[in-house]
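Next come two complexes, and both contain chain A; in the first it sits with chain B, in the second with chain C.
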Partner chain A sequence: MPLKRKDLLGIEPLSVEEINLILDTAKAFKEVSTRDIKKVPTLRGKTLINLFFEPSTRTRTSFEIAGKRLSADILNISASTSSVVKGETLIDTARNLEAMYPDIIIIRHSRAGAPHLLANICRASVINAGDGAHEHPTQALLDAFTIKENKGQIKGLKVAIIGDILHSRVARSNIHLLTKLGAEVSIAGPATYIPVEIEKLGVKVYHHIDAALEGRDVVMILRIQRERQDKSYFPSLREYFNLFGLTLERLKRAKKDVIIMHPGPLNRGVEISSEVADSPYSVILEQVTNGVAVRMAVLYLLMGGKYEEVVS
Partner chain B sequence: MKKLLVKGGRVIDPANNLDEHLDLLIAGGKIAQVGKQLEDKEAQIIDVQRLIVAPGFIDMHCHLREPGREDEETIESGCRAAAAGGFTSVACMPNTDPPNDSQSVTEFILKQAAEKGIVNVFPIGAATKGLLGEELAEIGELKETGIVAVSDDGHPIYNSNLMRKALEYAGMFDLPVIDHCEDKELSAHGVMNEGYYSTLLGLPGIPAAAEEIMVARNIILTALIKGHLHIAHLSTKGSVELLRWAKAQGLRVTAEVTPHHFTLTDKEVCSYDTNTKMNPPLRSAEDVKAILQGIKDGTIDAIATDHAPHRKDEKDVEYADAPFGIVGLETAVPLALDRLVNKRVISPSRMIAMFTVNPATILKLERGTLSPGAAADVTILNLSEVVKIDVTSFQSKSRNSPFHGWELIGRAVLTIVGGKVVWPAKSLT
Partner chain C sequence: MPFREKVQLMDAVTMDRTLIRIAHEIIERNKGVQDLVIIGIRTRGVPLARRIAKKIEEIEKVSIPMGILDITMYRDDLTAVGPQPIVRQTNIPFRITDKKVILIDDVLFTGRTIRSALDSIIDLGRPKFIQLAVLIDRGHRELPIRADYVGKNVPTSLEEVVEVNVVEEDGKDSVILMEED
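After this line comes the complex of A and B, so read on.
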C-alpha cells in the first residue's frame, strides 16, 4: 500500500490507516540503521532539500541521516544562509528551489501554515518539520513508534502531556495522533499555557501535575521555552519546577512501567529533573533513534514507495 | 444633463416607508417625481421591470488609500469599485499617509474626488493628531472643510480620558466618533479569532473580549457625556448584546457590521488563506448567529464594507505576516442580498435601509432617500440574478477577497449618481 498524498503537512488530516502504514513501514526501516552498511538504494537519484528557517539540530540531522540512508541527495539550507536575509519572500524562495527540480522539500518555519503555502505552489512533496505552534507530524509519528515499541499498542493507553501546550506543535500533533489511535490523552500545565477550547480535541485538562500523572502509562514532558519568559506566562523557572517539574517523587503516581518522553532539547531542572531524565523510565534517546526510521518511512512513502516492497 | 425616467421598477425607499411599483423621474441631478405611470418626452427611459429601485447605497467605512498608498487603491479606482458594486457614496477612513488630520489632506481628498471620482466621497477625519491617540485633531477645522465623522480607524483611542474628550468635542459639531473597538494589549500579536480554530491551527488568537472591553468602555463613556458613538465593524456576540443594552438605555450609540462578519466564520482560516485575515477577525459560528440576530431585530444599524485593499505580494506571505483586511466594495451588495434577503433574515426594505437611510442618518448626509428634491443617487438591484464573484474583473486595484469563485444571488445592476448613470458605463437601454 502506498501513501496517497503529495505532502505531509500535519497529523490532523491523516487517517488511522495512513498513520499505521507509516509506523509499520518505519518498523521495517529501523533494521537498516543497525546494519554495518547503513544504506539502501531506495531513493537513489532523488533530491531532498532541508529548508530550515528556525534553529534545529535534532530534526534537521535526523532528516539528513534518513535521506542519506535511503541514498537520496540531500542539502541543507538554513535561514541565515538563504535569501530571506536579503528580503526574499517564502514564495519566491520556494519557486527558486522548485526551479531546480527537488523531489522533497522539508520545511521548518516559525510561522504556522508556512508549509501549506509551499505545498500549494510546489510540485515537490512538502514535509512539515515544524510550523510555529501548529504541527510537527514526524515528531508525533516517532513518538507513537516509540510508544508502540515499548507498550505494544497505543489503544487504551493513558498518556499525559505536560508543559507549554499553547506554543507546542509537538503537543498538537501528538494529541491528534494519540486520540486517533485510541489513547486517553490528558494535558497539564499552567493555565496560561493551555490554549482555549483544547478539550474539543478530545483531551482532559489538569492544572496540577500530580492529578495528571495518576495511573499514566506514558508521560510526555514539553520543553519550557526560556525565550518566552518575558511574556509573563509564569513567574519564575523556580516556581515552574516546583509546580510542574517532573521528579522521581512525583513519578510514583504514574504506573510502575511508565515511560518518560521529551522531544528535546531538555532543560534539566526546569521541566524535568536530571534523575528522571537519566532514569530507566526515560526513552528520550530511543525517540531520537526512532526518528530516523520514521523519517525514512515518510520519505520513502511520499516518493511512492510501497510497504510490501520494504518488507520483502 | 439629460432627464432620466426610471420605469416599471419596484421602488423601495425606507426613509419614506415606500415599497410599490412606481416610476422615478430624474431631472437636473435631483429626484423630480416619484409616481405611477410617469411620462416625459425629453427623458431617456430606463426600463427596470422586475428590478428594485433603491436610494443610492452608502458605504460608511472604506479605505481609498490615497494619499500615500496609490499602489493599493486610488480615489479614482476606489470610486469605480464603489460604483460597480452599487454604491453612490463612500465615507473614507483617515488612515492615509499622511493621515487625514488636517484641512489640506481633507481638501486634497475632496479635490481628487471631484475631479476623478464617479461617486460621492465623504472624508472621515482623524480624531487625534497623526492617529496617535495623544491629542485631539483640529476637528472644528476639519468639519468646516467637509468631514462627516472622526475616527482613529485601526488605532482605537486607548486613553479613556481622551476618548471622552473626543466624544465631547466632536459632539459640539454633531460629528459621530467612530471607534475601532479593540484592547490592543489583549489582542497582542493575535492574527485570528481566539477559539477552537486558533488552538487547532496554532495561530495566536484575538479574543472576543478585546473588542467587547472597548465597546463596553465606549458605551459607558457615552452614558457619562453627550456625544455620538459609532462602533465600527462590530463582530462578536458580546458586542451585539452590549449594543442592545446601550440602545435600551437610550444612549446615542450606533453600529455597523461588515458582510464578511455575517457571512464567514473563523473556520475559513483553516486554509491559511491570508484573504481570511482581517481585523476584527472572522469570529465563531455563535458570533455570526448573534450578528444575524442583531441585524434581524434592528440592533445593528448599518452594513459597511471596511474595504481594505492590499497588493497581492503583501498578502502572499505567511499568515501571521500578512496585513489585515479585504476588499469589499464589489462583493458587499451580492453578499447582503444573498445572505440577508434571499435567506429571509430581513426584508429587502430593511436591507436597503442598512445601506441608505441608516448610514445617512449616522453621518448626517442629505442622502439615502428618493424624496423629490433629493440628490438623484439611485441604486438598481436585481434580486434573482446569479452572480459569480471574479476578483480579476474587479474595478478596485486590489484583489484581496476571500469570495473569489463564490456564486451569490442578487446584485446591483445600475448605479446613478447625481442623475447620471455611472455604472455600467453603457446604460441598460
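After this line comes the complex of A and C, so read on.
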C-alpha cells in the first residue's frame, strides 16, 4: 500500500495502515545510517527546503541529515535571515520559493495551520515540522518507532505524557498516534497546563504525577515551554520540579522495564532530574537517532507517491 | 492484464539440478571458495542464494557468508512507476571489501535491477570482484550487463512474462513462461 498523500500535515488524518507503512519503511532506512558510506541515491535531483520560522536544532538538523543521506539537495531558511524580517507575508514567501521548483518544503511555524496554508498553494509536498500547539507529526512517528523497537508493539501499552500539554504539539500528535495504534494514554500536569476537554481525544487526565506513573510501560516527559507563555502558569520552577519533576524515586511506581522519552530540549532539574535523564531507562538519544530514519522514510514515501497523484 | 501459462520451463527437480550445476561452476571458476560471499537480491534471489550457498557448503565443507540486498533505494524509476515500491531491509552482516561477491537473482531481463545492485554493493565497500548468477536469462537487455552463470537461457518476446516460483515464497518450485491471454 503506497502513501497516497502530497503532504504530511499531521497524525490526525493518517490511517493506521499509513502510520505502519511509515514505521516499516523507516526500519530499512535506519540501516543506511550505520554504513561506512551513509548515502543512498534515492532522492537524487530532488530539492528540499527547510523553512523554519521558529528555533530548532534537532528537527532541522534531522531533516537535513535525512535529506542528505538520500542524496537530495537541501537548503535551510530561517526567519531571522529571510525576507520575513522585511515584512514579507508567508504566502508571498511560499510563492517565491515555489517559483524555484522545490520538491518538498518542510515548515515550522508558530501558528497552527501555517503548513496547511502552504500545502494549499504549493505544488511541492509540504511537511509540518511543528505548527504552534497543533501537531508535530514526524516527532510522534519517531516516538512510535522508538517504542516499537523497545517494546515490540504499541497495542495495549500504558503510556503517560507528563508536563505542559497545553502548549505541546508533540503531545497532540502523540495522543493521536498512540490511541490510533491501541495504547492506553494518560496525561498529567498542573491544571493550568491541561487543555479543556482533552479527554475527548481518548486520554485519561491526572493532576498528580505519582498516579500517572503507576504501572506505566512508557513515560514521555514534556518541556515547560517558557517561550510560549506570556503569563505564569505555576509559581516557580522549583515548585514545578517538586510537584511534577520526574525523579528516580517517583519512577519506582512505573513498570520495572519502563522507558523514559523526551522530545528535547531538556530542562534538567525542571521537568526531569539529571539522574533519570542519564539512567538506563532513558531512550532520549535513541529517539534522536530514529528521527533521521523516520524522516528519511517520510521523504521517500512522499516523493515516490508523486506520479500516481498526477495520473489519477 | 491477465496472463496464462504457455509452457513450464522448470519443475522442482530440474531447478535443483540447475542450482547444483551453478554451485559447481562457481567453485570451478573461482578455484575454490576462498573469500567467496553470496548476496541474494530481494525477493526471489534470496532463497536461491541460500540454496546455492548451502550446496557450495556441502561440496566444499566450509561455511559461506550469505547476505540480502534490497535495491529499492537505488532504483532509477522511483518517480516513474507509481505506486512506490516498499523498501525492505538490506542485511549484509559482513564486510565485503576485498571479497569475491557472487550476486544472485532469479531472472535477468533489462539489467536495470543488476545496475542498481552493483551501485548498492559498491556503496557498502570495495569487493575484489562481483560475479552474477541468474536462474533464467530472458534477454532484452537495456544496459551492457551479462551474467557469469546462467541456469537457462530463454528467448522471450516482450509480451511474455517469466514467473519464478520458489517454495519459500510461493509454496512450490517452478519456472513458467506466461503469455497474454
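Simple rule for what comes next: the second predicted complex is superposed on the first by the 300 of 312 C-alpha atoms of A that agree within 3 Å, B and C clash if a C-alpha of one lies under 4 Å from a C-alpha of the other, contacts with A are read in each partner's own complex, and residues count from 1 in each chain.
Here, a contact is a pair of C-beta atoms (placed from the backbone, for glycine too) under 8 Å apart; a residue touches a chain by one contact, two chains touch by 3 or more.
Bear in mind that the values here come from a model prediction, so they are computed numbers and not experimental data.
K.L.:
In the overlay, answer first, second, both or neither for which of chain B and chain C A:R35 touches.
P.N.:
second
K.L.:
State whether chain B or chain C is in contact with more residues of chain A in the superposed arrangement.
P.N.:
C
K.L.:
So, A:G113: does it touch chain B (first), chain C (second), both, or neither?
P.N.:
In the superposition, A:G113 contacts chain B only.
K.L.:
Just chain B (first), just chain C (second), both, or neither: which does A:E64 touch?
P.N.:
Touch status of A:E64: no partner.
K.L.:
Where does A:K200 make contact in the superposed view: on chain B (first), on chain C (second), on both, or on neither?
P.N.:
Only chain B is touched by A:K200; chain C is not.
K.L.:
Examine A:T25 and indicate which partner it touches, taking first as chain B and second as chain C; both and neither are also allowed.
P.N.:
It touches chain C, and chain B stays clear.
K.L.:
Based on the A-chain superposition described above, do chain B and chain C contact any of the same residues on chain A, and if so which?
P.N.:
Of chain A, no residue contacts chain B in one complex and chain C in the other.
K.L.:
Over in the complex, which chain A residues touch chain C? Could you list them?
P.N.:
Touching chain C from chain A are residues 1-4, 21, 24-25, 27-29, 31-32, 35-37, 39-43, 70, 297, 300-301, 303-309, 311.
K.L.:
Taking the complex as given, what residues does chain A use to touch chain B?
P.N.:
Within the complex, chain A touches chain B at residues 12, 89-91, 109, 111-114, 116-117, 131-135, 169, 172, 195-198, 200-201.
K.L.:
Over in the complex, which chain C residues touch chain A? Could you list them?
P.N.:
Per the touch definition, chain C meets chain A at residues 70, 72-75, 78-91, 119-120, 123-125.
K.L.:
What part of chain B is in contact with chain A in the complex they form?
P.N.:
On the chain B side, the touching residues are 194-196, 198-205, 207, 271-272, 313, 316-321.
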